[in-house]
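Data first, discussion second: the structure below is written as structure tokens.
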């Protein structure tokens, strides 16, 4: 990824020249929104979902992106084309409120248009991660409330997740399991969390009620895939008591898809190895991604 | 301020060249901390308080600044010298976690040292603001809790304050008055909030209990000045009912010092003009700043 | 409405003589419950729902109305007959705990029976409101919790809603959008709130989970109508992030039925004009009301 | 009290004619504020405190009383004079937002001025109450939060207190002990709550931190009296665990002054009889009242 | 029950000799989990559900029971056989973390295996209770949150429920109705709570959303039975306002099955006598128990 | 400690015979209260504070200990005498509600008197702990609220603390740092927490506001000692941001007195070695203990 070209406000720049002003709203204040998108077979998969979430975030923080849906799509395509990237690609599409006349938080001191940056990378999850999974640790760092910094926003102000992440690796785990303000299981610091409950014969998949998570696109796709294939799947409010005795657990995200969880808070989940439901879901999800890419290539 | 030189990781750069990588933790994630500092008579006033708060923030988010207290001070002095700035100067000192190998939130993918930026500007509050004051509007956007994104942190993840600010100006006011999670008055989106209570003969000054605010340096100095001059001043928990019937109100911040508040939520505070206590405090605070600068020049 | 006759404890009084004692529990303490009811084609529409809600409120505050269901119905009919009112009529049916021996809050000092007042008025929503809609502003004033003053109660203690209303019009809007204690969207100060989500081709209608709202009769009817006509409609917990990017939004209430929302917090909703889903719903709801009235006339 | 004359908007009316319109904001919506005031030796004691609290409440709910401080005072005096009342008198001074054009909650439909009512009564606490005290029961009904219906407001919307009162007497007690939203002891439904802690030799008096109570005038006076006489008294946050093992407990209010508490939640407090500290405080408070009245008569 | 034999760590002991060390984790710290199980026709009914809940609790508190599912089952059977018990039997199966080297809370000072105790008793609900029902009183004692002491745990640390129970009987009622932290109806101190809503013709059964209750086995069975027989039943969040006007109410638990509720907070529910829905449910539940026992006997 | 004699309901029993019934309220339900007391020079130090706290707890849970203050004291003395213990002794005094007729939570099924157990042990903190200190980890497990299980109670229902303890050692730390329900620093799972703030020249000592902690006797003594010796010490609400940058930190408890904290959440506190303020406090506290013992021996 050393030689990639990065889209910065309309120009394709080599890595070393891909910069923003120190007066940029993104740098000074974390005042921006972003998406992480996978490219499969040359296609940005689930593009509309990502674009909708980006626009939703922009409306929420009253940020005028200054580009149409079509222009954003074209920019992504230009970037991929310039980098000759087709598979195993991860894109970070970032939009900040733009350059400010002075480093002060009020959006009214912004001068000039939004800053749009598209970073494309060759980036794949490690096979060991996908097979053996990760460990989680529940942190005292909680999800924020919608009236402070809505966890629905995929924003540049990420310190809430970052401090959770730090606490988790300080405890020796890979990722933080985060609770909602009421003490129920919400989500992880950069992925969504699922458990497999029920019985081995009649498994069902649970994820949190979603009120204190990002509106995860992989989460929605996994729920969709379960429904399509007849595996019962619910969004519901549950506590760690339900987690520790789950048969299996996994996390989801655009980057790594479906990843097994070996343990939570030092309690081995199931056998500690990837379970049958997770393995099945990984296959289903891969097919779902491939189908989306195929549909796009076809049209 | 078009021709200022900005300190970026050891180099003094003209405005147009003062940039950070799009892989910078500050830009990608709002992962950094900062201070706003006034320069009076060539001296960065209240320097130790600002430096302590910066280091406290760095410890809280486990960010290694990579510079000593002395080096940070020297960098500020170099910047001022290079710009030949002595008075009416505002400095933004920003430290992000540095450049990342890939735009992902985990601090473990950071490569290289912290990014340190010092922006010096000629910047003074408008005389009309200082004299006539501003209007406030209480927003539904609340202060965050310490277990999500501690309001004690002066961080680059500022969207909580920014969305409050937007809501306030949408309502036609200048600044947002923000409540704590329990509904008590906490602070404003970029300043601290005080009311003058008691009687005209025996005024006393109240500010919030401070649990959901930045550890404001001007706030602390104003409380100090009140105590020094015998004006009773308390930090306490109070509600809007106490605000609407206050005799006077004001906000404080490093940039503008002490600024009167004309109205809150459409209720005129006192007469609606700057009151005697605020005016006295403005004088006292100016003397306090001058004394600090003088002490520094002397030593 | 100057010449209406008002039912006061069994007597029909002209407006100027329709009074209650200054010792009345309703006046002294807001200790009472009420309903707003539309009359269509001479029929009090949705009468049973209103009556049930009234009795539920009475049970909740241990208030003995002292009249049977039939007597209450007869009183409403007498009032309509005396006023020769058939259409475009709004009725306020109020029941307070009655006259007290002394103005003290304890219900045990109540002497005499409940005070029952029925005010009938010719009152229609403005056509411009119905067509062009209203603007909302989210207030810091929140919905109360069920363990303080249950928002399920349609009570005479309305200051919570009133202070929200004041805050909204101070911000230049028509009505307050109120959050629940956790920061999610709950309802408006005198109406219920809905958004249209999904896609233009497959719209769906959302309203809040209802936990912190009045058990709105129009809300229930609109949900019913949607289900009857095959428009997906859900009660769910959502945040402002979902609102600002909604395709359409509207409020509901017995008085004005279905009213479009043009903007929320300065963000234009959809095109800012009444959208197709709202327009369709207005029609459906009008039919629903007419059908209820017809059923009553027939029986 | 059957023959009292009641001040209603400038007129002195016999009880049966003291009425307000069914369109009055106080009756329809509990939209008003009030004070209970004692008259001693012909003087409304602690008049300024009561008046300030009334005006503070009016500002909070943006209610224009339409009378000056002097006019309000004169009205009270006229009422007392007309009734030839000097001692053992309790006054209820009520101000609602006035008559509305239609029974709808929005203050903008109010027509005409505020409604002002002054009810004077001969009313004394029972000697048995003052000597033997009352029993309390802690209710699930909690104090409201400042962002819903500020407990600092002495408003006509009293249903929160009333439902607590009902729950307490249903449990066989005289008055409700109410917790704050976090589960700490706040106050009672119509009085303030104090405990005597420390040792019999070195007693100290505690009351709640005051955040979720009315700004009680008797409460403030009792704290004042304690400080004046050297009895340590604190406002602090405490739980029922501290209450059940208190040496003594008492409640305060303008009407009955200082009243002992015999038991809380079935636990006898101290010996169950009025304790020495309460008895002393009753004496001190009586002197404080008398001194205030004397000062007024003298001036 | 004086002559029962109690299973204590593998031995069957007479009542007087059934003891645990004063160093036992259960005694010193309430550090253990338990189940109450009915025996019908010689079979421990709903055995798997009870066993699963026990193991779930053990995982949650990282307690190693040290016995397999089969060994636990055998221990129960041995106990029943030794006592020649077949019907009307209630079993308390308790597992504590075992004996400690010193009475200190840290699980690491536990020496030796878990303590397992099985108490079998002849114990039946009183016929009058089953027919006439009980009274409830809502307490200020709330359900705990999952991040303090998860109400999902059936643990030996029962003081939360016990203090609620005390408060209820102090108010003259039989059992406490407990609210969740947000003020909604959660459950009772030793049973689960249901209301019958809807209309007499189309009744429906509601119980709380379950977030702040034990995962009640009788609760689940009653919901199952309703679904099986076509009686609509929902888990949902509701407030006391919905309770007071319910047509019927009842509580459930392994011990007494389905028990009518005569009144809540002094408000008579329905007619105050056992209603038709409760009576029907009692029958259905008895059949459900009998069917489970029969299935076990058969296999 | 193998040969100690343990006081059980009036009898002194060898360890193996020191037992309670499996029907004991302490074992079945964690329904009891306790104290940990140090013996120095043959004297149970701070005896009155411990006894008061015990009685306060008993009153809170309506438990009748059945012994007078003098009898409890005599029992402790008998136990010490029988064991010939004078120094380095730790006593656990436990009182449960007594034996129940059946293992059901309701206190009304208790038969017979409270169970009183006194375990005396030779037990000293490790010198390495006292010198080098311990490590803390902040857990997601929070302090309970006063309306669920008052953290003021030193009760046998300890699972809240135990699960925090487990989470901390799973993260590799010695003890859990626990937050209050609002996210502020409260206390540890078996000790109280202090930080040293201010400057090295003018240190000051902070501990939490105490609302969500046990009323710690060592905590109170350390605060007292600070005040006596002129070291500023405050109880205040603070967050982890204040902790991570503290100069020193320590925990306190009856057993180990004052113990340094080396790190919190992986952040080294100060130099990571015992600091000067902690060392000084250890000395002062030892003198305070010795003085108390001497005073007792003298009298």
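Here the chain labels run A, B, C, D, E and F in written order, and each chain numbers its own residues starting at 1.
As a working rule, a contact is a pair of C-beta atoms (placed from the backbone, for glycine too) under 8 Å apart; a residue touches a chain by one contact, two chains touch by 3 or more.
Not measured: the values here are computed from a predicted model.
Common neighbours of subunit E and subunit F under the contact rule above are A, D.
Listed here as common contacts of subunit A and subunit B: C, F. Each step here moves to a touching chain, and the least such steps from subunit A to subunit D number 2. Seen from the C-alpha centroid of subunit A, the farthest chain centroid is that of D. Subunit B and subunit C, compared by their mean Cα positions, are separated by 45 Å. Each chain gets one centre point, the mean of its Cα atoms, and the points for subunit B and subunit D are 41 Å apart.
Distance between subunit B and subunit E, defined via averaged C-alpha coordinates, is recorded as 55 Å.
Shown for subunit A are the residues that touch two or more other chains, namely 60, 62, 140, 142, 145, 147-148, 153, 179, 181-183, 266. The chain pairs satisfying the stated touch condition come to A-B, A-C, A-E, A-F, B-C, B-D, B-F, C-D, C-E, D-E, D-F, E-F.
Against subunit C, in their complex, subunit D makes its touches with residues 1, 6, 8, 15, 18-24, 26-31, 34, 60-62, 92, 94, 96, 102-108, 117, 119, 121, 123, 140-145, 147-149, 153, 155-163, 165-166, 169, 181, 189-190, 255.
For subunit C in complex with subunit B, the touching residues are 137-140, 142, 167, 170-172, 179, 183, 265-266. In the complex of the two chains, the subunit C residues touching subunit A come out as 179, 182-184, 237, 239-242, 244-245, 266-267.
Subunit E meets subunit A in the complex at residues 55-57, 59-60, 62, 145-148, 150, 152-153, 181-182, 209, 211.
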